[in-house]
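Quick heads-up: structures coming right below.
The same chain A turns up in both complexes below, where it pairs with chain B and then with chain C.
Our next item is the complex of A and B:
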């Protein structure tokens, strides 16, 4: 008799416990959903819907001036069949790669010195590199026309030195101008993650390395460089992706020889009026950029993928 | 005079206007466990870093094994450092960390392997070869830092407060382990600490530093029982400080008047003048309470406070209304039935009285 009563009581307690637990879980889930709502709405509006729209568009077809509501992969096939498209993509890929590498070569010593060697004016120097980002992108690009042009800073400088007699036209409206300007734009985006990574390296590690027998150069190779890898990878990834799809710089400074993949996409939404093709070409660019991002994370950008 | 393994001569270090180390000179013998002891900011870490080569002295010379290394960079000096926060390379596993100094000496992996294995065994970390710094506890990281610094068999090992971050029981265990390793390897240890108990436990000799200068160098016994300055007396162990006036100088004793009492002490090498103000010191554990045996010095004072400290009682008494004296007695030696305000007789021997000139008063450290 008592045994069964005890068993009943235990069951009661168990049920009470599980319903109480379930209530707590339910409340937690509600709170979680509420907290996720704003970011989900934002993601939906700013990222998912536009990309989905673009994807949807890429499977349609244009005949004359009419958008036909069909499903076709023709636009994607065009990318591979028409030489201009995939060639231009490879060219942009190559250029973006050069831009990223050179931007790193320039930014690394800069970041290293300011992060690790300068004590007094650290903040000012850091700001000096960041402040140009506050100036309009277009204006900074057009400034390079003034630098590279016939009456620009570079030509005047060379003429004053007596190296050339007449202004050279080879600096502007070509691939060279595009690459130079892209590098200039990329530098702050490489500098910031590199600076962050280099600054975080504790001085004690450097002391330990030197104490254990490594000279300055070997300390750099074996300790500083490996530890700055997350910053390097993030910097490379950011500058590469920025350079890959850019179309304004080629438009303003590229002339004919400096045209890039971004321009071709842009044309589809202008005069040519082939939005589906533009969407398909754009989606291909997006996919490649995503692959580069994923590869970068794998290669060691564990922290600081987005700064 | 035996040859010193490490010798510092007139070393001064200035950072801008601040003089961190002020003209110190001393020598350390081979195989010695030598400690630099002092409060924060006394210059002990700076001195250690100068021996390592991580700081350049402003003035003076440093000799290692007879060679002038003052201008030699750290990676070419045959001394290694164990840092306070261990400084384990986070991007290498334990094995690579320990291989690092050998690699810098261009010793190939195959040759290095047995040495690495052996040192890991010595510090009891053989199972942890493939772990990374983030996967180790504080004590484990400390042992790896030690192994890494020892694997190259340096002439001297420099340790910068290596046990500071460990909890008490682990610290005590590591103190013993470190001392064992030092004896086994026979390597000179230069140990920086602010913990006077630690220094006394482990060292062959201690240099007590304060404000950039060395107050005294000696064995733990000498430092404890025969401190040369009031600072050393106050920094090591517990010490009572009383103020009085020298009223009589005899052949082998000095008589100092403190309030209504006369205290005698042994006359040392110091020359004091009659009428001079003096600091009179005696260790709490040397003071007995209500002893049946007559002591050289006896004072009657009122019981102010009795604190239980586990194995001992800490008894505070007052006389003359405001002068305090502390005595520590064994648990058995204290009659707990005493009332506050009751008169007690405190006694100690004249050999246990230490005196200093009054101008040393401002160098006493009041906290530890």
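Our next item is the complex of A and C:
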């Protein structure tokens, strides 16, 4: 008798508990749905629909100044048929690759040093690298233009030192100026994921490696470097994509030789007024950027620049 | 005896590495900051030509005050920055909450989609928005710039909030709910105060990014102009020295804002037990 009563009581308690739990879950779900609404509206309105509109535009055609409402893949064919477009794309690809690699080579020792060799002031040193990133894109372009020009800082400096007699014209309005400015912009983007990855490596692993007899170099090659791979991949991806799509730096510092793919896209929205072509070229860039992004997601870490 | 030798050998090696890497790092820091210093340097130079620094002068700063367009565009940038940041705080906080707490299958895809505006080249977002506005016959104005800015300010706040919430864990919310608080109370009285520094830090960062933005903004600007677009127009017709003065002031304020932002957000990443 008592047994059955106890069993009943236990059942009651269980039902109470599960209904209470169910209540909490219901409330949780309601909150979550509420939370999802603003961000979904934003995503739809400001990201998905504009990109869809761009895609739609890329299938149209312009004749004279009139936008014809047709469906054509002409613009995409143009990319492959007209040498200028795909050549310029490959050139930008190459330049962006150089920018990313050099930025990584420059930043890696720095990230290693701050992440693993500094005990005090780590935060400040980290912030000092980040500050140029948030401070101003345009100001950094202004800075490099005034350094590399004929009457710029670099030339004046070299002349004062007596190394050259006349200002050298080779510094500005070419690929070199564009690449070096892009590297300058890219370094903080590369530094953050590298630093994060290097910082996470536990000291214990390094000690274990050394205790097992590996030299510093060997430990680096076989322990540190592979473990920092996610940071390397993310850093490469971020700087590569930034360099690939830039149009202002090539415009202001590239002259004729430093034009990049972004310029040609931009032109379609300027005097040329061929929006469908611009949209198509832009969509090609978008596709390549997405591919790079997906690849790096698979190979790299989930850390980003802002979180 | 051998132990002692090993220890000193290790220390010696560490010392040599330290100075090599240390010197290299100092060089990199110099490389990172020289361009900025050059800008500040030239802003105080008296001559119009950039060649020789003749005398210290505040002429260019004085000229700034008389430049009406400059003051107007700066005000515009502040306006856009504040409104865009406010919108993105509301949308971003709720989005970040959703991202950190939801257990739906498509969450990864959702997160990637929200991250896209940050990672993709600005030119793509710029032209997509331009085409979008034009197809709806929306004239380019403050509204279009504002919308364009929320494209990157919202994810910034959202991911700051999401990662903070992730670090906080479920415990506090569960405790509040078990004690009987409804969703509203839980959110406003328990969660919000705990993530407030992430929100403020994200907001400051968002404002800074918005204030400086030119790549996307350039596509969606009509006659209502922000400061970077104005500076860019000054830049394209030759380097007027005022540009250096404006830049120096912006540098100064940006650093101040970043300083406060750093105080609010945790910059250190989680460290595995050392």
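Here is the rule we go by: the second predicted complex is superposed on the first by the 264 of 307 C-alpha atoms of A that agree within 3 Å, B and C clash if a C-alpha of one lies under 4 Å from a C-alpha of the other, contacts with A are read in each partner's own complex, and residues count from 1 in each chain.
Keep in mind that, in the parts below, a contact is a pair of C-beta atoms (placed from the backbone, for glycine too) under 8 Å apart; a residue touches a chain by one contact, two chains touch by 3 or more.
Computed from a predicted model, the values in this text were never measured in an experiment.
In the superposed model, A:128 makes contact with chain C only, not with chain B.
In the superposition on chain A, contact is made by A:212 with chain B only, not with chain C. In the superposition on chain A, A:158 makes contact with neither chain B nor chain C.
In the superposition on chain A, A:34 makes contact with chain C only, while chain B stays out of contact range. Looking at the superposition, the partner that touches the larger set of chain A residues, chain B or chain C, turns out to be C.
After overlaying the two complexes on the shared chain, residue contacts for A:202 are found with chain B and with chain C alike.
By the touch criterion defined above, A:226 lies against chain B but remains apart from chain C after alignment on the C-alpha atoms of chain A. By the touch criterion defined above, A:269 lies against chain C but remains apart from chain B after alignment on the C-alpha atoms of chain A. Contacts of A:42 after superposition on the shared chain: chain C is touched, whereas chain B is not.
Once both structures are placed on chain A, chain A residues 202, 204, 210 are touched by chain B and, in the other complex, by chain C. Across the interface of their complex, chain B is touched by residues 202, 204-205, 207-215, 218, 222-223, 226-227 of chain A.
Residues 52-54, 73-75, 79-81, 83-85, 87, 89-91, 100-101, 104-105, 148-149, 152 of chain B touch chain A in their complex.
The part of chain C that touches chain A in the complex is made up of residues 10, 13, 17-18, 21-22, 24-25, 28-29, 31-36, 38-39, 42, 49-52, 90-92, 94-95, 97-98, 101-102, 110, 112-125, 127-132, 134-135, 147, 150-151, 154-156, 158-160, 162-163, 174, 177-178, 182-183, 186-187, 205, 208-209, 212-215, 218-219, 228, 231-232, 235-236, 239, 243-244, 247, 250-251, 254-255, 258, 262, 267-274. Those residues of chain A that touch chain C in the complex are listed here as 24, 27-28, 30-32, 34-39, 41-43, 46-51, 53-54, 56-57, 106-107, 109-110, 112-114, 117, 122-123, 126-132, 134-147, 149, 151-153, 156, 184, 187, 196, 199-204, 210, 216, 237-238, 241-242, 244-248, 252, 262, 265-266, 269, 275, 278-279, 282, 285-286, 289-290, 293, 297, 303-307.
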